[in-house]
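Working notes for the structure below.
Labels for the chains are A, B, C, D and E, by order of writing; each one numbers its residues from 1.
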Amino acid sequence: GGQGGQDGQGGGSGQIRVTLVQGLAGEEFYETMACGAKAKAKELGVALDVQGPQKFDPTLQTPIVNSVVASKPDAMLIAPTDVKAMIAPLTQAKQQGIKIVLVDTVVEDQSIGLSRISTDNVKGGAAAAKALAEQIGDKGKVLVISTDPGVSTVDARIKGFEEEVKASHPGMTYLGVQYSHNDVSEASKIVNAALAKDPDLAGVFAANLNSATGAGSALQQAGKLGQVKMVGFDAGPAQVKQLKDGVVQALIAQLPGDIGGKGVEQAVAAVKGQQVTPSIPTDATIVTAKNVDQPEVQKVLYKAGC
Amino acid sequence: MKGVRLGRLQVVWIGLVLLALLAAFSALAPRTFPTAFNLLNLVSDAAILLLLATGMTYVIITAGIDLSVGGVLVFSAVAAAEVMDATGSLLLGTLAALVTGLAWGVLNGVLIALGRIPALIVTLGTLGMSLGGALLLTGGVDLRAPTDLNLGLGLARWLGVPLIVWICAAITAVLALMLAYTRFGRHTYAIGSNAEAARRGGVAVHGHLIRVYGLAGLLAGLAGQLSLAKYGITGVSAHSTDNLQAIAAVVIGGTSLFGGVGTVAGTVIGVFIPVVLQNGFQILGVRPFWQQVVVGAVLVAAVYVDQWRRRARDQ
Amino acid sequence: MKGVRLGRLQVVWIGLVLLALLAAFSALAPRTFPTAFNLLNLVSDAAILLLLATGMTYVIITAGIDLSVGGVLVFSAVAAAEVMDATGSLLLGTLAALVTGLAWGVLNGVLIALGRIPALIVTLGTLGMSLGGALLLTGGVDLRAPTDLNLGLGLARWLGVPLIVWICAAITAVLALMLAYTRFGRHTYAIGSNAEAARRGGVAVHGHLIRVYGLAGLLAGLAGQLSLAKYGITGVSAHSTDNLQAIAAVVIGGTSLFGGVGTVAGTVIGVFIPVVLQNGFQILGVRPFWQQVVVGAVLVAAVYVDQWRRRARDQ
Amino acid sequence: MAVPLIAAREIVKSYGHVEALRGADFTLRPGEVVALIGDNGAGKSTLAKILSGVERPDEGTIEIDGEPVAFGSVEEARSAGIETVYQDLALCADLSPAANFFLGRERLKPGLLGLLGVLDNAAMRRAAQEACERLGVRLASQTTPVSALSGGQRQGVAVARAVTWARRAVFMDEPTAALGVVQTRLVLDLIRSVRDSGVSVVLISHNMQDVKAVSDRVEVLRLGRRVARFDTANVSMEELVGAMTGALGAQEDGGPGVPGQDGERGRGA
Amino acid sequence: MAVPLIAAREIVKSYGHVEALRGADFTLRPGEVVALIGDNGAGKSTLAKILSGVERPDEGTIEIDGEPVAFGSVEEARSAGIETVYQDLALCADLSPAANFFLGRERLKPGLLGLLGVLDNAAMRRAAQEACERLGVRLASQTTPVSALSGGQRQGVAVARAVTWARRAVFMDEPTAALGVVQTRLVLDLIRSVRDSGVSVVLISHNMQDVKAVSDRVEVLRLGRRVARFDTANVSMEELVGAMTGALGAQEDGGPGVPGQDGERGRGA
């Protein structure tokens, strides 16, 4: 901290100040993004400040954007928590002359965001469906465990998963979504009940870390670990450990570090008046126990700290 | 001295704490914190919580509690969004929000007053029911507000201050006066102080409790509509901590969880203390994890100062 | 009749509600619900919450509240994970979890008893502080348990029942007896019933409160280590509703938020009612959003039956 | 004096397994002061609460002016003109004496503000102050909460309230227990003047001097039943005490068949 | 009788702006019964609380056996052998009479269980039952909570408790206010027998008959000060009432300079 009171306006004078507003503070995806951004900021010699809400939610992110705008950085990297709700605060930020770069997620208003570096969560969900289909031999009952309804990124993953299953995997029976409220014991309860109801459960798609953890614990207790296949999302150290321990058989990895680094690059370019790339799509990678040790896959794994 | 009402004195110390925080942040970030832009944002961020906390003040003064406010807010927002979608009328949407909010509140009140079920259980139950109901209505997907609500009421200003802030401030002011100066307020205190004595004194305790919970529900319904206007989205996953935030604001403001004492003025200060802390620390660039730690510590310290000064005055 | 202790009678009705639920689900899903597999899972899922709820029972009987349990659990799990990582000793890790849990609990107790700050504010503050502290220690990234803890204690069974369940059950039983039959328990009731009378009676109210909150913290610390063993991960973001879950269990079990009455046996039932409901509805294939609605409604109804029967008995 | 103001017959009331009243009768005639006496736990307070609408009897009938009534709430007893000083006083400790005094019948500001429900605090304070002073109860302030008053001051507030509002009858459950000598005298005087204004008074008291001093009649409760009635003028202190303790009137006592407190006592020994 | 058991001098205690005590003195000698009397709000209960360690005086000195003490807690007063029946009784309403009786001094099971802190409930119930019966207080059960007892029954429990545990002195703040005639007599007898066993008694009461009947000396408080002391044998009822109300002893009254309750009263008129 400590930049309060500095006058960073005017682009050229003094150090460039960039703020990253995460979609959710304290989540590995966004922490890895912050790490990538910090590394790049150090390299470019700009000051980086990181903020984020306690929940992935526009009503909590809006006040943060407002106070960031009040502290007048030169540029803001933001993962908007809603395509529509974040338009108003970001418009206000734009009016204050702050250069905005959208990372991970986007807003509907195309005029916001000099550059957009985004992950396609629908595609990620579809990738998860493909990975799970491969694990279970394209047939059997599959269950999805999500956090809370209404979290747009997770909803998109589920949508992608469901569409892919229904469109291209007729052998798979989709059992629907259960919500763990981001609580491991809740996820464990859900899988326990699912096993009691459908002892022939074939696969689980756990849409985030806590869901995978709880589900894995339940499978472990039931002695069905490895028997019921599981696909997780994101590739933080904890998830990779689950992969190596055989709790999950595949992970869908995004590229948060990359996104963060590229975001800072674009933001600095914008502040300096240089050319920016309006749209940079990033991809999702399927990580399995087989390919996890390959160097190109190692590169996409999230980092624990920086 | 003797003429000064206790209720008024109570908010003085915690008010001073708020002023001290404002002064400290202004000194540390003189160019960015005490700007009209930032302070307006502060007020605007707090406005909707203020409605919930004001309703909660009434409820807690009766020695009750209402955990359902966040769920009712979401349900009302969803109801309003669906009605506006179907009819295109903002007015009907607002009405839908108010009516559904009131209905949930009255349901709370009836179960608590007539069913004599602990308020915590009733409102925990209706929290789950209203949230589940909202999800059933939407299929788990956030609904959007009509553009003319979001860009109309959501952005409208009067004298430079958002209309939503004016609405919340006006309602809070009316309810503050009502609590302090009317029969309705007096009975609220009496029930929280000693429900049995109030009953023997001829206060219609059951009816009054239903009205108080109804009021809290009504305010949550209005908050739903305003939050829909402000954020343009129903926020089905966004309000799970609203109840604790509102309760904390009420208690910071000097209202006792055991009922019988409290003021809306204190609640207003109690709403602003966490908001100011969060905003100030963000502007100072404190890292989010540290913010959590420091906000927690300052919260305890602020209430401690209040308690300590009050005790010193009484001795 | 006259010799029957009130405390024992209190849990009868709510216990019957639980039995009725079990019977209903068994009748509706005879092949899947009442299986050893499913019932063991039920118990295993509830075990850790049971520890938190037992500590909360003591706290609420003193007319207090502890919102910090989830944060303390996470902090202790993080501390244990780091210590085990550094030393490789499971024992030292367990010790670290217990000590940090106790420390947070004692901090709560000291601020509440000596600082005379409302328990809600203190524990809301320490909730933020412990959660923020845990995030600071980990950098926001979940730590993993050593494999020998996760595959050892986490999977160990005795007579077919997970060891973690035995541990939680044993501790709960000891604390239930302690509350009902020892001086410590008696003083807990006395303070909640009338703190001033207890003080005049020579009960060391401050010291006792510190011990009660310390106990709740200690149990949260142990819960942290057990959850680390069971789930293999610290779960920094996973425990934000633990406090409300524990409080709800305590209140469903017949403990009054105003203090002075309550039993651990009631809390045990209060822990199981929501767990059984959730499990049963999922097995019956009720859609998730409906589950939320129905669980809320049944919760209220269950407590209503309890209150109503108790009233009928008293009249 | 034909029709009694209040006539209660065969009132039964149990709390769980404790039978507080087991068929108690009670009569109050217009314009008289009746003392209701009895040992601790005899059921006096329970009877007073039932006749004030606070509790519902399990069995028995109540007639007001000869008309059977079933009080479902305090409101109904009040609208029949009955007020009560409860033994536990029933004050809201966080409210001021004036607020307690006017609880449930708050005085509103005249005009529009009154229609909005705005309280006329100044008027209520004045009226409460005056009513208390008539009893010799001096309060440091009408705005500090009742929790800061001394025991006697609280009782004074409760007595002043009941007497001010009663139109037909006042129940006073040990109204002078916490009062000073002078205040007690003033309350006794008040009871007489209330009676003279046509309002009946039921005085529950353990002080036989006071009972003898102000009452016209005495009704004696024992173990939840009325066991004796006397005209105060014709009864001696010893007779009263004897009736209360059961040394007299053993014919109504029911002999060894009456268990309850006695039964427990026997078992405990 | 050389050194007083308790000697309090110039005790001052204010609550906010209310001065409950304004330099009160009090003396208690070993083996005597002193009646502490005064009008409502005179400060009697406040003085009793200060001498029991419940409240801390703002100013003034307290000596026990001639040694200055500063009671920081009830525990300290208790270990000096002082017990108190508080006017508000200070019972835990959710606990049984026996639990209240032994509150803070619970009896533990013998042997290992006792070391673990396990209560000997049966023994405590028996002992409490006996102590209550000595006062003529009959309880339906020693296990139902105090909240279900009648006013007199509660007071009986409180009195029995204090008397049982006192070794040097008992303060009784209106101990018979809610008691029946028989129970009152038993308490007065008890006061005498307690005194005869060498324990001093301070009786706070508004009942002058009782005061005359059992006390050796009388100390009178008025507006927070001691205004008179009498030997009970040589004082008339009128003198006592006069001292309490200020009709006598005007020289100590301080004249118009004494504000407080009086001041407020003047303003309210």
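Note that in this section a contact is a pair of C-beta atoms (placed from the backbone, for glycine too) under 8 Å apart; a residue touches a chain by one contact, two chains touch by 3 or more.
Since this is a predicted model, take the numbers as computed values, not measurements.
Trainee: Could you find the chain whose CA centre sits the greatest distance from that of chain B?
Mentor: So the chain farthest away from chain B turns out to be E.
Trainee: Specify the chain most distant from chain D by Cα centroid.
Mentor: A
Trainee: Can you tell me the C-alpha superposition angle of chain D onto chain E, nearest 5°?
Mentor: Angle of the fitting rotation, chain D to chain E: 180 degrees.
Trainee: Determine the centre-to-centre distance between chain C and chain D, using the mean Cα coordinates as centres, and give it in whole Å.
Mentor: 47
Trainee: Measure off the straight-line distance from the CA centroid of chain B to the CA centroid of chain C, and report it in whole Å.
Mentor: 29
Trainee: Just give me the whole-number Å value for how far the CA centre of chain A lies from that of chain D.
Mentor: 71
Trainee: Specify, in ascending order, the residues of chain C that touch 2 or more different other chains.
Mentor: 2, 135, 140, 240-241, 288-289 - these are the residues of chain C that touch more than one other chain.
Trainee: Give the residues of chain D that touch two or more other chains, as numbers and ranges in rising order.
Mentor: 15-17, 140-141, 144, 264
Trainee: Can you tell me which residues of chain A touch two or more of the remaining chains?
Mentor: Residue numbers touching two or more other chains: 25-26, 149, 177.
Trainee: Which stretch or stretches of chain B touch chain A in the complex?
Mentor: Within the complex, chain B contacts chain A at residues 28-33, 35, 37-38, 41, 44-45, 135, 140-142, 144, 150, 154-155, 227, 231-233, 235-241, 275, 278-279, 282-289, 292.
Trainee: Going by the contact rule at the top, pick out the chain A residues touching chain B in the complex.
Mentor: 1-5, 7, 25-26, 49-52, 54-60, 62-64, 66-72, 82, 84-85, 87-88, 96, 148-152, 155, 177
Trainee: Going by the contact rule set out above, which residues of chain D touch chain E in the complex?
Mentor: Within the complex, chain D contacts chain E at residues 15-18, 38-42, 45, 87-88, 125-126, 129, 133, 137-142, 144, 148-153, 156, 174, 176-184, 206-209, 240-241, 244-245, 260-262, 264-265, 268.
Trainee: Which chain B residues qualify as touching chain C in the complex?
Mentor: Against chain C, the touching part of chain B is residues 63, 65, 67, 111, 115-118, 120-122, 124-129, 131-133, 135-136, 140, 240-241, 244, 247-248, 251-252, 256-258, 288-297, 299-300, 303-304, 307, 311.
Trainee: Can you name the residues of chain A that touch chain C in the complex?
Mentor: Touch list, chain A to chain C: 25-28, 31, 149, 176-179, 181-185, 188-190, 192-197, 209-210, 213-214, 216-218, 220-222, 236-238, 241, 245, 304-305.
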